[in-house]
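Notes follow once the structure below has been shown.
Here the chain labels run A, B, C, D, E and F in written order, and each chain numbers its own residues starting at 1.
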Amino acid sequence: MIADYSLLLIGAILVNNFVLVQFLGLCPFMGVSNKLETAMGMSAATTFVLTLASICSYLTYTYLLEPLGLTYLRTISFILVIAVVVQFTEMVVRKSSPMLHKVLGVFLPLITTNCAVLGVALLNINQQHNFLESALYGFGAAVGFSLVLVLFAAMRERLSVADVPEVFKGPAIGMITAGLMSLAFMGFAGLV
Amino acid sequence: MAFLRVTSPHAHSPTDTASVMRLVLYASIPGVLCLSYFFGAGIFVNIIWACLVALGCEALVLRLRGRQIGLYLKDYSAIVTAVLLAIAIPPYAPWWVLTIGVAFAIIIGKNLYGGLGSNPFNPAMVGYVVLLISFPIQMTSWGAPINTIADQAAVPGVLDALRLNFGFMKEGVDAFTMATPLDVLKQNKALEVSELWQQKPQFGLFAGRGWEYANLWFAVGGCYLLYRRIFTWHAPISMLLALGFWAALFYDGGSSASGGSPMFHWFSGATMLGAFFIVTDPVTSAVSTRGRMVYGALIGTLLYIIRCWGNYPDAIAFSVLLANFAAPFIDHYTQPRTYGHKKGGQ
Amino acid sequence: MANTKYKELSVNGLWKNNPALVQLLGLCPLLAVTGSVVNALGLGLATMMVLSCSNIAVSLIRNLVNDAIRLPAFVMIIAAFTSCIELLMKAYAYELYEILGIFIPLIITNCAILGRADAFASKNSVAASAVDGFMMGMGFALVLVVLGGIRELIGSGTLFDNMDLLFGASAASWVIGPPAGYPGFLVVILPPGAFIVTGMLIAGKNIIDRELKSRAEAKTDTTEASSRRVRVTGHIS
Amino acid sequence: MRAVFNIPGGIHPPENKVQSTATAIRSAGIPELLVFPLSQHIGAPAKPIVEVGNKVLKGQMIAEANGFVSVPVHASTSGEVVAIGGHVLPHPSGMSGPCISIKADGKDQWIEHKGVPDYEALDRPALLDIIRNAGIAGMGGAGFPSAVKLNPRPDQPIKTLIINGTECEPYITADDMLMRERAEQILEGVKVLRHILTPTETVIGIEDNKAEALAIMRNAAKGTGIEIVDFPTKYPSGGEKQLITIITGKEVPKGKLPADIGVVVQNLGTATAIYRAVVHGEPLISRITTVTGKAVEQQQNFETLLGSPISHLLTLSKWRQDVAIRLVMGGPMMGFALEDVSIPVVKTTNCILVPNAEELPEPAPEQACIRCGMCAEACPASLLPQQLFWFSQGKELEKLQQHNLADCIECGCCSYVCPSNIPLVQYYRASKAAIRTHDQDLIKSDQSKARFEARQERLEREAEAKEAKRQARAEAAKKAKASAATKPGETTSTTDKDAIIQAAIARTKAKKSEPSTDPVQAAIERAQAKRSGAPTAEETPEAKLVKIEGRLKKAQEKYQQAIEQGSDKLDAFSAGITKLEQQLELAKAAVPDTSEQQVEASTNTDSATDAIARAQAQRAGGAAKDTPEQAITKLKKRLGAAKDKLATAENEDNANIEAFRASVSTLQAKLQKAEQQLTNDNVS
Amino acid sequence: MLGKAIGKNSIILGLFAVVTTSMIALTYLSTKEQIIAQERAARARALLEIVPIERHNNTMLDDTVMVDSELLGIKESAEAFIARQDGIPVAVIIPATAPDGYSGEIRLIVGINMNGSIAGVRVLTHSETPGLGDKVDLKKSDWILGFNNKSLTKPATDLWSVKKDKGYFDQFTGATITPRAVTKAVHRVLLFFDENQELLIDHASLKQESNNDG
Amino acid sequence: MLEFISQQPLLAALIVLVGLGLVFGAVLGFASVKFATEGDPITDQINALLPQTQCGQCGHPGCRPYAEAITNGEAINRCPPGGESTIAELANLLDVEILPLDAEEGAGEKPKSVAYIREDECIGCTKCIQACPMDAILGAAKHMHTVIVDECTGCDLCVEPCPVDCIDMIALPTTLQTWAWELPSDKSHIIATDVSHGEAA
């Protein structure tokens, strides 16, 4: 039982890493990784939102849509749930911690449009997770996202002083680096 | 009278980058000779071809960027990359496999980041992994070490190697390939370790046949580099210790589910080559000594995890790349304590 | 006047401000579904459709919503269009739907869309928004297809394989290649390849841009830059 | 035996010390011309107290300390002051700075001086006075005024006095020879120091590569209670912080001074100088300097008079100019390269290194950093030089600070070992400067912001006030109709403006601590001071005189005006006038002896100087730099511009018309005058 | 103020909800039938590849029987599909799992004609190394077609393995493990069919009858 | 009831989503009032990074307005006095890409300078005083004026209004105190330029 759950976590964090293997949440991954500090803030926010959204959408699906036979409405209701969770978080953060809001500022709304959030909700349904699994999967996905985001940010800080050819500066080399990272992550294949 | 107006220091030690790289090349010679004894001359063909391709690619990129070609080619770093990649791939892999690998390593792995010193990922390992993923057949066809298969009179000589590598000998390699010891252990579900040793020809004294000696010689070369202070002991030793630690932890006395003894892990696959030639790549590892210890330990751990539970029988390349990826982050948290600063803080 | 504006919108969407290559939005589908042309094209078309429709809709109702509920309202519109597309694809291109998987519902979050709705449609007229949406979608779809083409070609040596999934059985024969004995270059089809090829594509665009710029400079030697300096201290009397 | 501690990092470059220890210290004699920079130490430059033409005696103070952290300068031989002005300084920049030049008369005649052999009778302040007046600044490194260092605050009780005899740099043997030949003097000096500081222990630290000196010192120190400690040779164990760690095991915490952990470090040359000053009353006028390197034939140590040009030493040791590739003051690790052999020996000059090309070849081309970490291994401060390098390259100042760039002692170990030949230290020096400028810019921008905002506020207030006044005026006008009006509103507005100016002046005054309280004057002075740093670069005394006169006149006018208007700022004006008068006196005094200075002043001209000079010249009304023709063209151009402006103004019915008219007429007048002059010139 | 803000916002959002939902719901209602049909077609496609439509005239998807055996390597009981021509069974399609693939399980379906020969084998899911083990997938190579028409006796039982193990079937260059696993699994399915043939057919016929009744 | 609803797909859908919409709208409406904020701390931070030269070369009347503009999305590369370092800092703060300085023709990074008034030519018109955003010019009407060097930011706004052109901008010279080693520049072989078809980028 415990083993299953830890495998689920390892799977979500490493083997099927959301960003590098499943291609979810790439926009913030590329956009918020220029600075380590910011990346850490973003990680925290995403972890929070992702876990919460995962739970909320699971509840919505199991207790509202499924009994009423409205599963085809899942996309729109999930996105609604997520949008509200994010918007609400943003308002709270803006008020309670301007510093954090400064760091996350433009990116909090971007979390809504972060594929990872909707993706995790949908994958939970596809893979028929139960409540606990959904929560864990959401959390694991977020940790996986945070892990690569933070490592990537540290790496980009290093790249920013490298003598990269002019045309590759910025996003291009970022993409290629992400590619090599994804290459490295292929090494985790088969762990679960 | 014009005197030089430069900043201090005015004196400089005689070591330079090119000489460091050359030393690394020298240190790899014993291991390479040992490999060629067990697996034949293919490795020489590979090394030469890889160097040619590497220099070609490097020159091409430098030309495109409008840099002085000579100055950079002379630093030998491209050659080191090429040689290490050539050692890592099977001796009779077709020429185009090596070409693609080296080109990928030198162009994308190294020069897109600005060349020597700027690349975050170990170029040779980037090349290796790309090949392993793209051409698994060619990349897993290791020949049998000398004297392991009954009907195999001798390992291929130089001419055979040329013919094999450049494709004039159809389906030649397949005839004498065989799973590597690590692969055998990994696939083993039934036999106990001691039985494996008796039944499988792949096993030698304390690790894989042939492989154990190659590892030994690479370790000797590595110790020479250590002695010449090309790198410090931190990364390689902590990697070996971590690997040994996990292996000992999961050895369970040699049952059929055993992951293999520490000895076996140390002297199998590319462990020693990795520990002393790849993990030590200064450019892509963590910078501080503390950082390098963490870095080495991370590689050792990942190595064991992937070897035992992952899809790949040997995982030097993957572990190194993963650790490369973490290196800047490690650096961020392992700054040494500066003179006059309190412990742990700024 | 109007003409130049539309032209500008097109240039923006297709090239200058391309959602995928410049704004770096909508990266997930960009990387995930571009293993082959057909996947790319399928998702590209779907995205384009949603983008145009939602832009029109958002621009229609732009005066109705205030800041607090702007985001959910817009998202809802886009979600509606996406859901419809999803259902339609399920009904009429089932296999493609299966292959594209969750990336169809994810069109919603495909940041490109939201970015546009927020940035453009909520401030512009219906016509302009429609053109903008279409062009942005087009730019995105183009990149998808180009990327899909490159990856398919290098990765498996074919082009336009499996087009029947999208265009019916007759399209099955559109496939070109693979050349005999082509070993494939797996890495290009796998996730790492997606990133790397995209990186190359971005760099390629940079090169072209640079070339264009230097050419433009060569042509118009020195155009007088009008001063934008502003008097800090106001009118001097 | 005392246990010594290890320091991290460090290197072992070839020592090359034996070459210069073969012969005994030799006196360098008296050169013809000696040059004394006013700033041979850390702190404010000394103030000259002699004038050109004055005769001075050996040991006579020629410049006095200027503030607390400063030391005087003494003549090292007798002779005549021939110049006070710019001369190339022993400074890595190769720039010029204020120096006093003395032409030796060869008599080497001492000024009267008297020592205090029974110094133990004196208390600390008295001894410190002697030391300070003897001009003693640290001779081992940066030249920090010893009297300051020897005067720790009461909350810094000194436990350990460390005498630095390490001499860890290759080539240098000045301290080594000093120990071999003058151990007694050193120890006497140490005793003086011990008396001043009353430490619980006194240690002389010497590297173990100086066996002979060690033996001699050990022998001499027997029974004195002074410990001689040797430790393994390693560069840079002579660095103050490193030495403290080696001897005591303690580290000087970041941002603190050695005294904060109860340690004072002095070089043993400094100790000797202190002995001579206290016991014999001789100020610091000479030092031991090693002249070495393969480009000199006789590598040896000289007892050198301060102020001797290094060409003098080089000639004495038969240098071969053709093979000398560089000229280093100091050692090969920390010394700085010079370009001019006329640079004088100063208090901190322990070595002149003249290598040939084979010895210290031209730096190899810089290659890319391979992050090999050799630099980090060598760094005695446990920094990560490679990271600092990457961040320097990327100009990431914040990161540099995070990585403690400030703790780099610029020892050069990292550059020495770097296999890629990266001049790391240069990167650090540049980055440190960039951080400094950045910090200053920040301060300035903060000030600017405050000023700008204050101004905006003021404008608002003024606008309001104007509005109020306008109404008041309307009111007044109304009243005026009724009764006979006495004063129109104009007066009010003038006073108003005056008030603003006064306020501004007051504000400025409050900000400035300089004694010269006239902000206008201060501003100008500062502007001028910024020229190439040489006081000689100031305007010629004549110009100054004229200017001050002009200013005085104006001030007097103002005063007059103020009296007429019954202003309440009469005091301020009269004070200003008095000051101007004083300045006038001064300036008049300065006029006679300017000939030399002027020559020197012009050695260092750049565009800024040009501009200022031009402006000054014009202002001074005399000797315009422009030829009359040029002046006329310029004037014409300006006139054209002014007319244009006037025209636009007229077109737009601008309020400025008056001003423009005035300017046009001024210019026309000027033009006429100039033309006239031209004709005159042509005629004559 | 607060009340008003809440009120207005929720009304507007509600309005949006009405419009958008109607849109989706209408689309759903109009595509519902088509979607169900497509889903069934997709599920049937793999089955049809093994037993083509010419050979049977029932709907296999609805003609199932639950099977469960060690031999099949499956954890829970699963559906086997039966193909009939006019009510007479012609073939059975049995699910199976090969547990010993190079990296994990390989899920298969094996179609067996009533005469015990193989009608076809397909790999449903696997996670073998791309380029090596994944050639068991028909999309990558037609190695899997090599099982067609083989049976328990053709080749002989001890030849039911890969060439490397001195068996009949080819392995791939550089990959023995995956084909070995698949071959063994198919062999076990044949054994299962052999043992349970009666049961399967009987059961199936029974079901068929009851179906006919109902 | 539930039965009934699930029998009516359209109705069910409507009820569910409208319900969700209502609830969420209420929640957000509540939050928008409860957590309303004013002011934007980021503008201050941006302003703190600008050089405060107040020269207007960015196209805004002063640094703060430009800071506000940046907050609202204007490019960060418009301030010539700040130059590259300011752009880098802004990029860092806002986590955006560093852009090359976007200056008008000939208005690139200039050495720091101060205004200098040739006093004998000054006619005391006070134009420069009004122009100076720093109050760095002193003097009364009809009397010569002078610049307080330490206060002058070198914005050169005072130069143009002067009717007699008596104001010069003088570059601040290096002194022993401000002199410093420069970053090694002899690296043509390393940094060089990425050439592309003979055109340096």
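Methods note: a residue touches a chain if its C-beta (ideal position, glycine included) is under 8 Å from a C-beta of that chain, and two chains touch if they have at least 3 such contacts.
Source: prediction; values computed, not measured.
Steps from subunit B to subunit E, taking the shortest chain of touch contacts, total 1.
Farthest from subunit E in terms of Cα centroid separation is D. Between B-D and A-C, more contacting C-beta pairs join the chains of B-D.
Computed centre separation for the pair subunit A/subunit B is 34 angstrom, with centres defined by C-alpha atoms.
The centroid of the Cα atoms in subunit B and the matching centroid in subunit C are 41 Å apart. Subunit F has its Cα centroid 65 Å from the Cα centroid of subunit E. Annotation for subunit B: residues touching 2 or more other chains are 7, 65, 71, 108, 114-115, 118, 130, 133-135, 311, 331. For subunit C, residues that reach two or more other chains under the stated contact definition are 68-69, 72, 76, 79-80, 83, 87, 184, 186-187, 190, 192, 196, 207, 210, 236-237.
Along subunit E, residues 5, 8-9, 12-13, 16-17, 20-21, 24-25, 28, 103, 130-131 each make contact with two or more other chains.
Interface of subunit B with subunit D (complex): residues 1-13, 15-17, 19-20, 71, 75, 77, 114-118, 229-232, 282-283, 285, 287-289, 292, 331, 335-342, 346. For subunit E in complex with subunit B, the residues that touch the partner chain are 100, 102-103, 129-132, 172-175, 177.
For subunit E in complex with subunit F, the touching residues are 1-2, 5-18, 20-22, 24-26, 28-29.
Across the complex, subunit B is touched by residues 183-188, 190, 192, 196 of subunit C. If you check the complex, the residues on subunit C that touch subunit A are 24-32, 68, 71-72, 75-76, 79-80, 82-83, 86-87, 102, 105-106, 108-111, 114-115, 187, 190-196, 198-200, 202-203, 206-207, 210.
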